[in-house]
Amino acid sequence: MTNAAPGGAGGSRSERERASVSPPGREEPPFQDRIGGWLDERLHLSRFARQALDKVFPDHWSFMFGEIALYSFVVLVLTGVFLAFFFEPSLTPTTYEGPYEPLRGLEMSDAYASTLRLSFEVRAGLVMRQTHHWAALVFTGSIIVHLCRVFFTGAFRRPREINWVIGVTMLLLALLNGFTGYSLPDDLLSGTGLRIMYSVILSVPLVGSWVAFLLFGGEFPAEQILGRLFVLHIFLVPVILGALLGAHLALIWHQKHTQFPEPGHTEANVVGSRLWPTYALKSVGLFFLVAAVLTGLGGLVQINPVWLYGPFDPSQVTSPAQPDWYLGWLEGALRLFPNWEIRAFGFEIPEPFFPAVLVPGITFAVLYAWPFLERRITRDQAEHNLLDRPRDRPVRTAFGAGTLTFYASLFAAASNDLVAHWFELDIETVTWFFRVLVLVLPPAVALLTFMVCRALRDAGDVRLTHLPLSSVWRPGARSTHR
Amino acid sequence: MRTSTKGAGAVAAAFGTSVLASAGLAIVYIAGGSPQVEGALLLVALGGIGVGLVLWAKRFLPVGDDVQEREPLPSTPDERARASDSFGAGADLVARRRLLVRLAVAALGALGIAALFPIRSLGRAPGGALFHTRWRAGVRAVDASGTPVQAASITTGTVVTVFPEGHVGAADSQTLLIGLGPGVYRPVAGREDWAPEGVVGYSKICTHVGCPVGLYQPSEHLLFCPCHQSAFDVLAGARPVAGPAARPLPQLPLTIDPAGYVVAQGDFPEPVGPGFWDRGRD
Amino acid sequence: MTARTAVFVAVALGIATGACTYLSDEPTPFRPPGVTSDVNAEQRGLELYERDCAWCHGSAGEGTSFGPDLNGPLDGGAYTHFMLATGRMPLDDPERRAAPASPRYEVADIDAIVRHVETFGGTGPGVPTPSPAAGDLAEGAELYLDNCAACHSSTAVGGALTSGEVVPDLDGVSPVVVAEAMLVGPGCPNTSRTCGPGEGAMPRFELDEGSVNSILRYIEYLQRPDDEGGAPIGRVGPVAEGAVALGVGVVALLLLARWIGTRTGDRG
């Protein structure tokens, strides 16, 4: 309650000033009132503040996946700023004279040398670097989990198609920033990945070599690439991501969050906790827990030990060679796709185009278009603020499960050489196994999921773990077990 | 909403542990730092606050039975009409001047196109860069330290990475010299004299997506790329026999100079490395 | 000390003594002071060879239908010592491919067998005597990354090759054995055919002594590297890191979210 002057106009300025300060003899107003009052006088905040603080948020635990991603992003930015003060984004050669003995006296780029310096000479540097990298892996992981939650509950339907499109864009940007980020240290493993990316761009018909030369600044390895990756990684992508994040949150605020169909929940209300104090404390608590897990990993579990990989040299390579996990599906596609090329009249579409350009292209095209595709297929134009239980939409759930299985199989295929090594199998056999898996498992999982969903739906309000197996095979039969 | 102190102990313990951990962090930092200790203490310091806040919310704050109504998202037809009128009135005034509108669009469009030109400054045209390496006729093969390679040192089962003399480290010119031993070389037609004394040379850049083909298995005469497991048969012109590579590794024509050093007879007969749109044209 | 404590201590001591006695090495037979050579080594070598090796390789190393000869251009001290010291030989089953395992013999016995095989007349290199301490660590790193990392991995964890061959990891491998592998190029795929020089799964690397010592010194480092960052999780790179990020990081956060948020049916 701010002691604003009564009325608005009228009264001299000094009168109004006096009226806005508590009369002598009364207690000092509470702290929040003094701050609030100061701001309110300048921004007309009170009504918004009350609406905001009282706003109700559905607080089902699965609605926190997006927050996990958000808070991972916050950790990325905080640790990233620290790293940016020490990292040198340049391929200029230098001779290493630091404390890491096995590389002392060797020639390497400034980028690699500054990463070694960060890891071994800057106090808290290694924890910051490792936390940053773990945060990137968890960031992308939580985005995928969040995307799955949104997909399987149908939260992308009207009126939230815009937010879905923003979300898919943020996923794309997260993948891009992850790739540019781990390529910055210019070590042997990530440099090999950069070479692969260059070649994939080369494979694009008509414009491939032009685009590759423009983006990299010339033939691989080009001098300018590291500086450009740096600009992308610390400036362009985070700014766009931040803006999209703001829009994403603003839309959730404006449209209000969805909720599960439970007693008391309708299409026309929101049931949950008020922002202040419950939701705020829980959410801020979640932030600290996310930061705790990430920093715990950052100090206790080694990640990306670039000093063991050595500086990048275009004529050297190490195995096993995989990218970070969120690009594993692309890597698996590159390993599994057969050596089919199209060649005619001196022109060609090289093989990598199909697994590394066409597959992700189709993937993101379908992702972007999904709300509109589903709307057309189901002819459902209505507004939805209540979520689906996955079992209530067997076709969508089955399709989603099959698709997830497809990408998970590609992801698993990226480690075919490790599987061959650990189980002492012939690598050709392992590769063929994954080829079959990628084609056979997704439809099988989709079919099974469909049958389970239908059985769950027919069995009434039964938990998945209490579903008798026989009802899966006999559609329509009501379960007599409870 | 409970106001009892029962349960407050856990919250207090969480915050208290966090305080200790933060103090520990300061001490560790001053003492020189250790990533594992820092990580563990950060876990406790941050986790303590997190656990404390969540416990506080779960035990002492309203559970979350609040209900709010949703306002309908679509505006009323009246509001829409008024918004449309506001826009329409202004648009009419502007659009009335057809010629000016067209000129304005033309100006913006032209500027937009012109603004794209600086993108060209980012890099040079590919030109012939992808079609040639630094190998020329008569250029000696040197190893990574710049030392010219004697053919006699490439014994059976030996593999060495070499570059053209004067261009050590040139990425596009990296070549593998492999010792096949006498009488083993099975040349592709026209390449009978490309592997003197059983020393054969192939581009090290994989024709799939460009990784160095660093693994050689003499017992199978196979070059193996670690990135996506393409295998190339060294006895059959480095033809791909497994994996996603679709083209053989280009072969470097070699000869031996009078001093016994390995020398190139010329550049590779085709572009090295991964494919691109106009690779077949030269 | 109470009686109970005394009994406990006595029993514990008794168990400890018994265990130590039982688990300790067998007592070594008497040797006069100052005797360094095992005068019966030749006899021992012949004995072991006849007992374990001659069935497949022949009494004079001439080979049989079960195994190759041991007097070829590759055979000699280095190859024999490599096979025995890495446990690849003796093979329980001549049809099986030789693979690294725990060595079957004591060091002295291996030396004895090696010396016996050397008498067969193979012209391969003898057992090398490298000195890794004389090598340069940084030079070794450079050479290792140039020549070895592609197959054995920059972190020396090994990998996969074609045709079912597996590149071994270098953990616990002694410098002598590594030097032998570089000279000999092991991994002959066909157990009944003799491999000539350079016909194994591994190429041959005939480098000068300084380079060899440097590589060996670096490999010694890789066997016990500075894991400054914490638990090394296998040193296989992004595959293990992804598994931990998803299996530990994301899972932990999902469980925490479940703790924080409400569940369907929490409210009446």
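Residue numbering begins at 1 within each chain, and the chains themselves are lettered A, B and C in the order written.
Here is the rule we use: a residue touches a chain if its C-beta (ideal position, glycine included) is under 8 Å from a C-beta of that chain, and two chains touch if they have at least 3 such contacts.
As the structure is a computational prediction, the values presented were derived from the model and not from experiment.
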**OP:** State the pair with the higher C-beta contact count; candidates are B-C and A-B.
**Re:** A-B
Subject >> Chain nearest the global centroid, as defined over all protein CA atoms shown >> reply: B
**OP:** Please identify which chain has its centre, taken as the mean of its CA atoms, farthest from the centre of subunit C.
**Re:** A
Original post:
What whole-Å value do you get for the distance between subunit A and subunit C if each is reduced to the mean of its CA atoms?
Top reply: 42
Original post:
Quick one: subunit B and subunit C, Cα centre-to-centre, how many Å?
Top reply: 35
**OP:** With chain centres taken as the means of their Cα atoms, state the distance from subunit A to subunit B in Å.
**Re:** 19
Original post:
Which residues belonging to subunit C are in contact with no fewer than two other chains?
Top reply: 146, 149-151, 159, 161-163, 228-230, 259-260, 262, 267
Original post:
Multi-chain contacts in subunit B: which residues touch at least two other chains?
Top reply: 35-36, 39, 54, 57-58, 63-65, 144, 161, 212, 214-215, 226, 242
**OP:** Two or more other chains in contact with one residue: find those residues in subunit A.
**Re:** 59, 126, 130, 264, 271, 282, 285-286, 289, 293, 297, 299-300, 313, 315-321, 417, 427-428
Original post:
Taking the complex as given, what residues does subunit A use to touch subunit B?
Top reply: 54-56, 59, 123-124, 126-127, 130-131, 159, 192, 195-196, 198-200, 202-210, 212-222, 224, 255-256, 264, 267-274, 277-278, 281-282, 284-289, 291-293, 295-300, 313-321, 331, 334-341, 343, 345-352, 355-356, 383, 385, 416-417, 427-428, 431
**OP:** Flag every residue of subunit B that touches subunit A in the complex, lowest number first.
**Re:** 29, 32-33, 35-40, 42-47, 49-54, 56-58, 61-70, 73, 119-120, 122-126, 129-130, 144, 161, 163, 169, 171-172, 174, 204, 208-212, 214-215, 226-230, 240, 242-247, 273-281
**OP:** Could you please specify the touching residues of subunit C with respect to subunit B in the complex?
**Re:** 146, 149-151, 159, 161-163, 165, 185, 187-189, 195-206, 228-230, 259-260, 262, 267
Subject >> Interfacial residue positions of subunit A with respect to subunit C in the complex >> reply: 59-65, 67-68, 100-106, 119-120, 126, 130, 133-134, 137-138, 141-142, 145, 188-189, 260, 262-264, 271, 282, 285-286, 289-290, 293-294, 297, 299-305, 307-310, 313, 315-326, 328, 414-415, 417-418, 420-421, 424-428
Original post:
Contact residues on subunit B for subunit C in the complex?
Top reply: 35-36, 39, 54, 57-58, 63-65, 144, 153, 155-159, 161, 179, 181, 212, 214-220, 222, 224, 226, 231, 242
